[in-house]
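One chain, subunit A, links the two complexes that follow: it is found with subunit B in the first and with subunit C in the second.
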Partner chain A sequence: MSDKQHTLHSARRLGRLMSRYYLSSRYHSLWGPLLRRPLAWVTSGAPVEILRVFGIHPFYPENYGALCGARRASLALCQAAEARGYSQDLCSYARCHLGSLFSPEHAPLKKLPPPDLLVACNNICGTVLKWYEELARRLRVPLLFIDTPFIAGELEDRAVAYVQEQLRAMVEELSRLTGRRWDAARARRIMGLSNEAVLLWREIRYMGRHRPSPLNAPDLFIHMAPIVVLRGTPQAVHYYRLLLSEVRERVKKGIAAVPGERVRLLWDNIAIWYRLNRFFRFFAERGACFVTDTYTGGWDTEMAVREDPLESLAEAYAGIFLNRSLQFRVRQMVELIRDFAVDGFVMHSNRSCKPYSLVQEEIRRQVVEQTGIPGLVVEADQTDPRAFAEETVLNRAQAFLEALAL
Partner chain B sequence: MKKKFFCGVDIGSLTTKVVLLDAKGEMVSRAWARSGYAGKEVAHRLLSGMLEKVGARQEEVTVVATGYGRVTYPADREFSEISCQARAIARLFPAARTVIDIGGQDSKVIRISPQGRVLDFAMNDKCAAGTGRFLEVMAQALEVPVEELGHLAEKSSRPLCISSTCTVFAESEVVSCIARGEPKEDIVAGICAAVAARVLALAERVGLEPEVVFTGGVARNKGVVKAMRERYARALAIPPEPEITAALGAALLAMDLGTERK
Partner chain C sequence: MSYGTGSGELHEILEVASSAPAAWAARYPGRRFLGFFCSCWPEELVSALGGEPLRVLPPARPGSPARLPAYCCTVARGCLELGEKGTLGFLAGAGFAHACDTMQCLGDIWRYAAGMPVFYLVPPVAPLACGAEEYYTEELSALYARLAGAWGEEPREDALREAVKLHNRVRALVGRLEELRAGLPSPLVAAVLRAGQVMPRREFLRLLEEALPGLAARASRPAGRRLLAVSGAVLETDDFYRLVEELGGRVVADDTCTGYRHYAAPVEESLPPLVALARRLASRPPCPCRHLGLEARARYLLQLVRSKGAHGLVLILRKYCEPHAWDAVHVAGALRGAGVPVLVLETEGPVVGEQERTRLQAFLEQLSGGSGP
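Moving on, here comes the complex of A and B:
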C-alpha cells in the first residue's frame, strides 16, 4: 500500500497556501507597524474575525506547535523551554513555542515573526492564560484576554452577554491600537467568509460517511490548517471549494482512503503529530480507517447571524466543545458514531491537553454503554515524543483491532 | 500437510513460555525460561526440545506467537496477548468474565464474553509500577529472591503502606523503610498491597464482573494474591500454572487457524 494512494492532490496546493501564509506573517511583522496592520499572536479559539476587521494579521502559536511536531523539531524545543524552568507538565505546544523563542536555531521557520500584540481566549483551556501572560512579560507587548465561562449545561444568555461585553471592550482597545474604526458591515462580511469556509469544511468532513470513506484522520488533520489560520478570508473559502471537489470526485470514483476498508473508527483528541503517518498507517494496513474525529470537527460549527455581530461571535466562541460539559461531549461522540457508522473508537489520552483528556475515561465508559461499540485509550502527547511508547501503544492497538475482527 | 501439533509461543519481557498441544488439543508439553537478550532463540530452543521429546518435526506444527517478542518469531501468525489470554481463559474457566493478568512489564484487565470474545480491556500506562518488574526491583532492594516475596509477605502482621506509584520513588521509599529498621516481611507485604491496589484501580475502568481469574507470573506470589483477596472480597480463581495462559491461548488460536483452513 503506497502512501501515494492516500495523499490528496490538494496537499500540494495546501503546502503552497500555508507557505504563503507564513510569508505574509513575516511581511506583516516587518511592514505592519508602518501600514497600521499589526501582527497578533492568537490562540486557536480567539475571535479572529474581530482582528480581521481591524486589518490585524493573526499568527497561531498552536498551529506552529503542530508544525514543530510534524517536523520533529518539538523535542529540542520542549527541552529548550524546560532548561529555562518551564515544567514538563506544561502543554507541549506552549513549550515548543516558548522554546522557539529561546532556541530559534532549532525552530522551524527560525525566528518567528514577533507580535505587536497578543490575543488569548480561555475557551480552549486555562493554559493559554499563563502562556500568553508569560509572552506578554517577555516580549513587552499588550495582551488582550477574553474570559469565557465554562458551560456546564446550556449556553445561557448571561454567559453570552458577559463575553459580548468583553468583545466590545476589545473592539475599543483595538480601535485605539490601530487607529481604525469598528466597521460592523465589514465584520459581517468577514463572518460570512468564516461561515462559508466552515460549511465547506463540514461538508468535506461529512464525506467520511461514505463507505469506503474517501478520507482518513491524517487527511483531516493536515487539511484543517486553513480553517484555523485563514478563517474569515477568501483564501480559505477558495481552498476548501477545491478540496471539496477533489473529495467528491474520490467518492464518485469509489476511491478509498484506506484501500479495502474493513473497520471504521473514530478518533478523539489532537493528532500525534510526530508520528502522524506511521501511527495511522498501522491501522490502515489492517484495513482500519478513521472516518471521523472530534478534533477537526471543533471548527465546523457555523455562527448564527445576529443583529450585533459581537453577539454572534460571543455565542460561537463561548460555545466551542472544549468549553463544554462531559455530557455534551458524550452526546457529540455518540452522534458521530451513529452518523458515520463507526465500529469502534480510539481516544488519545494526550498528556499535554488536560481539558481534552482528563474526562476521557468517563466519556469512554458512557459512550460504550450507549453505543455498544468498543473504545480504546492510548497514551501519548501531541508534540512531546517522550510521552509516547510506540511499542506499548501499537500492542494495544493490535489487541483492539483483533477484538473487533474476531 | 495435516498438522499434528499446535504450539503457542509467548515471548514476554521477562520470560518466554512455550505450550504444545496435540491434535486433540491436549497439552503435551509446556516450558518457560528467562527471555534474556534473545527471547526468540530461547523460544526456539524450548520448542525444539519439546518436539524432540515427542518425536515430531517442525513442519508438523502450527505456531502462533504472542508477547512483546512476537514479531521476531517466525510463526504462522501472531496475536496480541489480550486475544490469547481471552482464548485460554474461556477454555480453562468457562464462567470467567474478567481476567486480571500481571506480567513482567504489563498489567492488564480483560473483560470477556461467554464465548471468550474480548469485550473490553485496560492496560497499565507505560510505567512499570505494579508489574513483575516492579516486584523484581523491590526484591533487589531488599536482597531477597523474587520467589521469596510471597512467603515473606504471608508472615507479616502489619503491612506497611508504600504510597509512591513510580517504581523509582517506591524503591527509595523501600530503602528508607529498611533504614528505619522495619521488618522485611512488613515491607514486602506493603509492596504486594501496592501492586494489588494498582491493578484493581485499573480494573475499575472496565469493571470487575465475576468470575475473576488472576493470571501471569505475579499470580504465583502469595502476598499479592492475599492482598488482592483482601481488597476484592469475591472469589479469585488462579490457574495452576498462571504464567503460561497466554502461551496456551496462542496454541489454541493455532488450532483455530487449522480448523479455519479446512
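Moving on, here comes the complex of A and C:
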C-alpha cells in the first residue's frame, strides 16, 4: 500500500489554508486594531456568522487543543494547568489551552493571540461555560454566553425563542463593542456561505458510502478544520469544492483510502489526536476502513432560511447533535450504519468529553440490538496521552477485528 | 442523647434520614413518590398533584454499573445502580432537572435502565439571560401539564399555590434550624436536612415543628470548636460531618447541594406560581451549574463565611465532578485572597478515608479560633 493512496493531494492546500489562518490569528495584533477588527476566542458550536457580520476574527481554542494533541505538546500543557490547580479530570482541550497561557514555551504557536472578547455556547457541553468563565476572569475580557437548552425530546419553540432572544442581546452587545451596526443582509450572505460549505462537507463525507471508500476517518478528522474555523467564509467553500472534486476523482478511479478494503467501520467520538495516524493505521493494515463517523458530521447540518437570520441561527445552533438525547444519537448511528453499509463500530470512550461518552454503553446496546452489528468501546482521551493504554486497546481491537473474520 | 420536648419526633426524622430507600414504600404506603436528583427540581409541582417529591441519593458504597464508565462520579453511578436493581421500583417516576453533563447523561440512561417514566426539565443555565424567565416559566408549565397528564390529574393553579405555601413553610422552619446550627452537632443538622428531602413534606413539617423547641433548648455555643463553612455537591451520608465533629470542628454553614442550599430562597407567594418558581432559580445560592456572573459564587461564599463567623471554608470535590472542580480553582483563590483559609478536599464518595481525615485534621489545626476538643 503506497502513501500516495493514503494522502489526499488537497492536504497540502489544507496545510496552506490553515497556516494562513493561524498566521493571521497570531499576528492579529498587527492588523486587527488598524482595521478595527477585534479577535474573539469562541467555542466550536458558537454562532460564528454573527461575529463575522461585525468583522470579528474568531479563534478556536478547541481546534487549538486538537493541534496541541496532534503535535504531541498536550502532556506538558495539561501538566502546566494541573500545577495551577486544575483537576486532571477536566477536559484536556481546556487544560491544554489553559496550559498554553501558563507555559507558552511548550505551546504550538507559543503565545496565542490575546482575545478582545470571549464567546461561548453550551450546545456541545457544560464544560465550555466553566472554561470560558475561567478565561474571562483571568484575561479580564467580556464573556458573551449563549445558553442552548438541552433537547431531551424535540426542539421546542420556547427553546428557540429563548436562544433567539439571547442572540438579539448578543448583537446589541457586539454592536456596542465594535461600533458597527447589525446588517441582516450581510448576515444572510455569510449564512449562505456557511450553508454552501456545510453542503459540500456533507457531500464529501457521504462519498464514504462508495465501496471501496475513498475516505478513512483520519481524512475526515484532518479535513474538518475549515468547516469549524472558516465557516461562513469563501475560503471554506473554495477549499471544499477542491476537496470534493479530488474525492469524486478517487471514486471514479476506484481508489480506496484503505487498499484492499475488507471491513467497513464507523467511529464514534472525537479522535485520539496524539495517535491519529498510528491508531487508524493499525486498522488499515488489517483491511479495515472507518468509512464514516459521528463527530465530523456535527458540522454538516444546514441552516433553514427564515426571514429573521437570528431565528435560523437559534434553531441551527440549539439543535446540534451533542445537545440532543441518547435516542437521537442512537437513531443517527443506526442511519449511518445502514447508509454506509457498515460492518462494525468503534466507540472512543473519551474521558475528556462526558456528554459524548457517558451514554455510549447504552447507545452501543441499542445499536447492536437494532442493527445486529458488533461494537467495541475503547477508553482513551482526545489529547491527554496518559489516559491511553495503547497495548491494551490495540489487543482489544485485534480481537474485535478477528471476530469480524479478518 | 435526648433533646427534651419533641425528642420522639426528632428520632423519627433521624430514623428516616438513615433508612434505606427500600424501606420508604413500606413506611409510607399508598403514597405516590416521584424521585428527583437535583435541588433545583421544582418539588411544588409534584406536591400540587398529590405526589411526594423524594430525593434519590446514592448508596454510601456504590458498585460499578456497566452502563456508566469508571470516570463518572459516584453519585451518578450509585443512583443508576439503585435504578437498575429495581430498588426504586416503588417510584411513580423520576424527575431530572438538567444540571451538569453527567446528570444529563444519567437522565437519558434512566429511561432505559430503570423501567419508570422519566420527566425531564431543562432550566436555563443562565437564569439572568434575556428571555430566560419566560422560557423557564413555559418549561415549568409544560412539565406541570406532563406530570398531571401522566397521573390523570388537573394542573390547577390553586393547588400549586397551596404547594408553594407548604414548601415555603418547610423552608422557613429549616431556616429556624439553620439559626441554631452552630449550637448543634453537625451530623444531626445534616441528617434533618436530608430527611426533609426524602420524607413526605407534611410529616416532616409536623415533626420538625415539634422537635424545634427541644433543639433550641439544647443548642449551646460551640466553645473551643473550629467553625467551618462547607460547600460542594451531594453529601448523601453524615460521615463528613461526623469527622468534622470528631476532629474538633463544627459546620456552621452548609452550602452543599443536599445541605441548606436546597432550602435557601423562598418562592414569592404574591406572584403567579409558575413565574415565582422560575424566578427562584436566579435567587438561590449560586450553583456551579448556573451562570449568574463571574464572581457570584465566590462573593456568596465569602459573605456566608463572614456572616456565620466561620474560621475557614472546606470545598468538597467529588472525584470526576467537573463543575465543582472548575469552580474550586477560582473560589479557593478568591477566598484565600480575602484572608479566608480554604481546604479543597477531594473525595471519591461520601465516606471519608484516612488521607482526607489527615488533611482535614491538619487544616483544622491551622485555623485560629478554637482550642480543639
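Basically, the second predicted complex is superposed on the first by the 397 of 406 C-alpha atoms of A that agree within 3 Å, B and C clash if a C-alpha of one lies under 4 Å from a C-alpha of the other, contacts with A are read in each partner's own complex, and residues count from 1 in each chain.
As a convention for this text, contacts are C-beta pairs under 8 Å (C-beta built on N, C-alpha and C of every residue); 3 or more make two chains touch, one makes a residue touch a chain.
Source: prediction; values computed, not measured.
S.K.: So, A:379: does it touch subunit B (first), subunit C (second), both, or neither?
M.R.: Touch partners of A:379: subunit B and subunit C.
S.K.: In this superposition, which partner touches a larger number of subunit A residues, subunit B or subunit C?
M.R.: Touched residues of subunit A are more numerous for C.
S.K.: Which partner does A:110 contact after superposing on A: first (subunit B), second (subunit C), both, neither?
M.R.: Neither partner.
S.K.: Check the residue A:16 against both partner chains and state whether it touches subunit B (first), subunit C (second), both, or neither.
M.R.: neither
S.K.: Who does A:368 touch here: subunit B (first), subunit C (second), both, or neither?
M.R.: first
S.K.: After the superposition on A, what does A:391 contact: first (subunit B), second (subunit C), both or neither?
M.R.: first
S.K.: Could you look at A:131 and tell me whether it touches subunit B, subunit C, both or neither (first, second, both, neither)?
M.R.: In the superposition, A:131 contacts subunit C only.
S.K.: Please indicate which partner A:253 is in contact with in the superposed arrangement: first for subunit B, second for subunit C, both, or neither.
M.R.: neither
S.K.: Shared contact residues on subunit A for subunit B and subunit C?
M.R.: 361, 379
S.K.: Per the contact definition, I'd like the list of subunit B residues that touch subunit A in the complex.
M.R.: Checking each residue of subunit B against subunit A gives 68, 79-83, 106, 117-123, 125-126, 205.
S.K.: Within their complex, state which residues of subunit A touch subunit B.
M.R.: Per the stated touch rule, the residues are 361, 365, 368, 374, 377, 379, 389, 391-392, 395-396, 398-399, 402-403, 406.
S.K.: Which part of subunit A faces subunit C closely enough to touch in the complex?
M.R.: Against subunit C, subunit A makes touches at 84-87, 89-91, 122, 125-127, 129-131, 133-134, 136-137, 143, 145, 147, 149-150, 152-153, 156, 158-159, 161-162, 164-166, 168-169, 325-327, 349, 351, 354-355, 357-362, 366, 379.
S.K.: Which positions of subunit C touch subunit A when the two form their complex?
M.R.: 66-69, 71-72, 76, 98, 100-102, 104-109, 111-113, 120, 122, 124-126, 129-132, 134-135, 138-139, 142, 288-289, 291, 294-295, 317, 319-320, 322-323, 325-330, 332-333, 344, 346
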